[in-house]
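Structures for review follow.
Same chain, two partners: chain A is paired with chain B first, then with chain C.
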Partner chain A sequence: MSTRTPSTDFDASLYRQASENLGRKFPATDWLSPLRGKALARFSNGGFPTIRDEDWRYTSLKRVARRSSALLHPASQQEQSAEHLISSSDLVHRILPGLAEITMVFVNGMYQPDLSSAPAPDSGLIISTLGALKKEEQSSLLARLETFTGTDDCRVNAFSTAFLTDGLVIDVLAGATVSAPVYVVFLNHGNTVGSHPRILMRLAANSSASLVEHHLSETDSLTSGITQIECADHASLTYLKLQQEHDSAFHLASQHISLAKDSSVQAINLDLGAGLSRNGLTVHMNGEHAEARLHGLFIANGTSHIDNHTLVEHKAPNTQSSEVYRGVIDNRGRGVFNGRIVVHQKAQKTNAQLTNANLLLSPGAEIDTKPELEIYADDVKCSHGSTVGRIDNNALFYLRARGIPEDEAKQLVIRAFGNEIVMAIPIPQLHEPVTDLLTARLEQSDDEPGLSA
Partner chain B sequence: MKLNIKDLHVSVAGTEILKGLSLAVSSGEVHAIMGPNGSGKSTLAHVLAGREGYEVTRGSISYNGADLLDMAPEERAWAGIFLGFQYPIEIPGVNNTYFLKAALNAKRKHLGQPEIDAIAFLKLVREKSELMEIDQKFLKRSVNEGFSGGEKKRNEVFQMSVLEPVLAILDETDSGLDIDALKIVANGVNTLRSDDRAFVLITHYQRLLDYIQPDFVHVLAEGKIVRTGDKSLALELEDQGYDWVTTGT
Partner chain C sequence: MATENTDIEQLVDRKYRHGFITDIESETLPPGINEDVIRFISDKKNEPEFLLNWRLKSFRYWQTIKEPDWAKLHHSPIDYQDISYFSAPKQATDAPKSMDEVDPKLLETYDKLGIPLHERARLAGVAVDAVFDSVSIATTFKGKLAEAGVIFCPFSEAVQDHPELIEQYLGTVVPYRDNFFAALNSAVFTDGSFVYIPKGVRCPMELSTYFRINEAKTGQFERTLIIAEEGSHVSYLEGCTAPMRDENQLHAAVVELVTMKDAEIKYSTVQNWYPGDEQGRGGIYNFVTKRCDCRGANSKVSWTQVEAGSAITWKYPSCILRGDNSVGEFYSVAVTNNLQQADTGTKMIHIGANTRSTIISKGISAGRAQQSYRGLVKIFPTAENARNYTQCDSLLLGDQCGAHTFPYMEVKNPTAIVEHEATTSKIGEDQLFYCRQRGLSEEDAVNMIVNGFCKDVFRELPMEFAVEAQALLNVSLEGAVG
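On to the complex of A and B.
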């Protein structure tokens, strides 16, 4: 690894202190201290990526770098407690209904048993938090926790790992079909808090399970989370990530999904919040006949900046991926989409499709979209494309000619554009509540008349 | 209802399409407008419905005494004007039934009426969809998405029968229909025919007029009404082609 010039606003000693403090503050995860130290050293070699890094060209982390040292310190024990949260915040009311069976709630990065409901013993699932692991289980996890922190383009992951305080380890037993989704809620509560959560999930052979990851915050906070999911042969995963952070919050997240032979994932990524959000999703199609269906929707209004980078690696023959991402950008919002498909030489008979469609709703809105195909095999079917457009005037006229007023007609068309992604969520009880969230998010655009077209 | 179009001149992208068209329509009447391709029939329909991109350079349109050209498309709809599109628009993600309900309620809201009761709405939709022989599964699909040409046209007439307009303009609703579908569409129109409602049927073929008896037949050519008569005019046109009426204009 080369030595880089650290970015401006970078004070390594502040980070070191904060990271070292974690061990004393949270004795239950003191076993993570050596891992944090190593990750911090990696992060410190360069600090946050800058727009000179190709992968970060359109997303500057300057604001994050400037604020991050203030956002590192976990909130006090009192602020993190369930009682405090319930008495002082409406965040708990934003926990989605309909997923109560298995709910794991984290407040400011720490697990809250009082707000959670663990799965029944015979559910086919084993869930543990990092803080509750037995000593003999800890050491085997260290390598997994370190996996995505090593290379130069993983400095944000290294950052997250340097401040890791708690997380979930989810194991789905071989052959188990778990119908209730595992609902994981990360709440950032109070001012200047940071949370750096981790989910490690494994689906054993022939199992199926759903994971819903939901991020909520109420003021400026920093989330840097990592989700790692491994699907063994014939496993089937449903994964929904719902990001609803506060308008001034920073959200940096990455997901790494690996698929063995005949396994499949259906993933939906919804970005409905945050001042700055960067989501990196990588799917490794390692086994023959693996299948990935990916959907995403991002709504950037106000002055928010939402960046989605996806990477699908076809590494085995007969693998299939399809990806549909949509963006709605209003006011002075900014969207970034970079979707890459790599078909390795071995991956003959790959079928891969990728589309990104964007609606720009005001003159100040911006989108940078770049679908990329890299193909090293010769017998493949691949397509990719992106569009940037405004609302279809023909559709508007049709609706108005039937008596629907112009504003309502616009809302209807925009909502429909986003709702097609919501309807792709394979958990039907979420369609209605998530549609409501989408509608509420779109209505926020109207709150800033000076900014709208 | 009284629609009065006087000396209407309309340009599209700088080209004059309608060149002094006059037409008066009153309640209870059915007018057929026939004419060769490109003569300006859809232009007239779009101008009546308020589509953007049409510049009225001369003339006037009054609707019940009001200046129609001053009204937004939705205001025209609330005032009872309905356009059946020659090429109905697909609206992905907007459910057909939801769309109809929104349209119906928008008008009711404008009239100061409460939203339609859910059960009454379902009953209305069932009744009208049976009349138009529209499969229930179409109602759950997105507006016009994946519909065949004929299904789109039937959907237009279905919408018309739910919205019960005062002035319905049907732009080539008969084109591309087989004889069975044509009969269904004609039945939809005939069922709605009444003394307080008027129809303007834009058509290319006299075939439709075998099923819907018009009071007047107009020939539109080169941006003007060049001939007006009764149903026999349509039959003559069928026999002799448009050249017969357009020569010498």
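On to the complex of A and C.
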């Protein structure tokens, strides 16, 4: 339905040069060149989507398009080492505690073995980076790298692929239960960098594993990442994405999760940063009795713009999905939520629910929300709900009557609103640190003078 | 509740009952559209200069734009040059002075439709304006309304008698540049209804317009304008039917409502254009733009619609809540069966402070029909304490149909409260079982459950319409069960 309109300030030659340079700069992933070329051709057919594209009507990528040529590619390996990259002691207070067992760290899009700790050989996990793959493994991966579909306009996915330099390939062996989460940190370090990371994860039959994806940046940078996860029969996945980019950073990400028979996913998406962030999450329920539970929390304060698009495709009978997204929008922030549920004709006996609740805290804040149901099967139970409102005055009164000052009472109510999502994280040791991050983020908006209501 | 003892056989046999064709002499323009056609229509209607110019402006603009394609509708392209833009029942040079002079065949048509044009009108207490193909043929109760100061007449008559009102209000709610179909309508509209309620007047009776497409290969483009001055109140009903034909006919109407301070308009529609047959042949393409501008404080508008007909429905009655404390309501039941498609909903634009809106939409999809609710709730930064509540429910009957919901919510004021909820399901086995156990046939049980599902909307309809709407619902869904 969306029509394609080329953005006006699009210069394809700039992008071509940058993409072609990658092969020389990063010889280890030179085998990706044909893929990058194809993706670039797809991206060049119009450049970034514009607000005339229905899927992007509330999120303009003009700012990204203007800055992207400067933020296209990471520094080469030599350049990076020359800069004396971040040390593990620098890193440790920025990453989540309690996940040290398997940690994979990427700085400016490149894997850092010194900062990472690989899983034990008998853990049931095989992890490799794109740069370290053997030749025979490369060709089978090329096809997988190319196949991604979803709500996100494929041009943004193509953009990410055109500048792909490194990524992770994670395989969970059949029957393995990996208790330690795979913790992947993507850090953009230093000025004007771009990173375009990729995670390819596969859970074999009857396995279970957790993936935590954490995005951090220090100044203006661009991240455009793609995560692809396939769950085989009876597999069970826990997935947490934590986005804590710098206030001037751009973050464009998409996740594509496919579920086979009796498999399940529990996904939590937390947006606590970025100047402009767009996250597209797609879940394909391909097998019968698949189950998805999705949670999301976004806090847009300052002038940040946070966009969440989700798509749940029910393609098989007896599938279940539930989705809860919450937004807190303060100062001059803007939140966008689009949650789509599609029930295909075959998918009888589907249960699907979606709710999106938003708190608007200040006169300059804006929320645009659109839950969508597209249903082609009759024996289904589907519902969605969406609310926008301010802090409940009754709740405030209750707290104030008990001697709690107004500001504190407000913070308490907002934190409680967000905490329900944090408590849904199935990795208990993360509840406390994530709550702290949430509190810190909310306090940030208080500091901005003259903006708070 | 006792079930209507309708024989199921009879029920199943009931088809579109307004599908007859009235054999009546009419004057019809050959198909095609150009500036000469527009000049012809304008000349025929003896219109003042400003109106012709406005039509031409609209036409020129229309030529520069494309048909919208964002709706979830699929149809073969419409050839706008293959439609006749003017068709009028032939009559003596003088228009009929009273009901007795109206062509008896026309009256018979309206009799068949069950529309009270004559004495029955008096009993029903409803003033009726009947539009046949492109022109209005009769308006009842003019005298009584005039006593109250209410103007209720065909649009073309209002152009002659009250050109200043037309010039002041036409196109101020739906400008000709609004959308493709509004531009087309602005260029070629032929008639419609005009209502003016003066300050402080409560219209003494319900006003009603019946639209009928009769001639083949014609399009119908009517325009309705209702102005409710300060402190006035009016309830307006609209009904429409068309003959059964194998071709698709185009209907593109524009309805403009204006409410001043403390005024209230209640606008009810029972749309029963011919929906096409089981194979999806024929039927009306219904592309309608309806909007109310609540200009004054404390004004109120209420749209109630029952959409049962048309092969394609594209319709979003909207409220611009400009005045402080103004209220917008939208109650809708849409029924699609066989191969019907409907993309319908509303827009609530909150601009004034303390504005409130309610949206209740009930969709029933059966056969191979596809139906979408598409709505927008927009809260401007100026709309302090605005409030919206939206509920959309869809009922699916059969595994080949679809029901979709696309609500847009754009909120720019932190004091606003906006709520939306939607559900989609089929009739519960337990509900059916409960009814069957008490001796109801499956058909009756389904009818009863469906009527209950739509109750919130039917309650808003004026009584005569509510009865008609319920019967219509049963007919529209016939064959969808079992």
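By our rule, the second predicted complex is superposed on the first by the 429 of 453 C-alpha atoms of A that agree within 3 Å, B and C clash if a C-alpha of one lies under 4 Å from a C-alpha of the other, contacts with A are read in each partner's own complex, and residues count from 1 in each chain.
Assume a contact is a pair of C-beta atoms (placed from the backbone, for glycine too) under 8 Å apart; a residue touches a chain by one contact, two chains touch by 3 or more.
Just so we're clear, the structure is a prediction, and the values are computed from it rather than from any experiment.
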**Asked** Quick one: chain B and chain C on chain A, clash or fit?
**Response** fit
**Item:** First, second, both or neither for A:Asn394, with chain B first and chain C second
**Value:** first
**Request:** In the overlay, answer first, second, both or neither for which of chain B and chain C A:Pro371 touches.
**Result:** second
**Request:** Tell me which of chain B and chain C touches more residues of chain A.
**Result:** C
**Request:** Applying the touch criterion given at the start, work out whether A:Glu54 contacts chain B, chain C, both or neither, answering first, second, both or neither.
**Result:** second
**Message:** If we overlay the two complexes on their shared chain A, which of chain B and chain C does A:Ser140 touch? Say first, second, both or neither.
**Reply:** neither
**Message:** Going by the contact rule set out at the top, does A:Leu361 touch chain B (first), chain C (second), both, or neither?
**Reply:** second
**Asked** Between chain B (first) and chain C (second), which, if any, makes contact with A:Asp379: first, second, both or neither?
**Response** second
**Message:** Rounded to whole Å, what minimum CA distance do you find between chain B and chain C in the overlaid structures?
**Reply:** 15
**Fill in**
Residue overlap on chain A between the chain B interface and the chain C interface none
**Message:** Taking the touch rule as given, give the residues of chain B at its contact with chain A in the complex, in rising order.
**Reply:** 49-52, 72-74, 76-78, 82-83, 85, 88-94, 99, 102-104, 106-107, 110, 142-143, 159, 163
**Complete:** The answer for chain C against chain A in the complex is residues 69-70, 379, 381, 394, 396-426
**Item:** Complex contacts: residues of chain A adjacent to chain B
**Value:** 392-395, 397-406, 408-409, 412-413, 415-417, 419-420
**Request:** Show which residues of chain A lie in contact with chain C when the two form their complex.
**Result:** 1, 54, 58, 345, 348, 358, 360-363, 365-390, 453
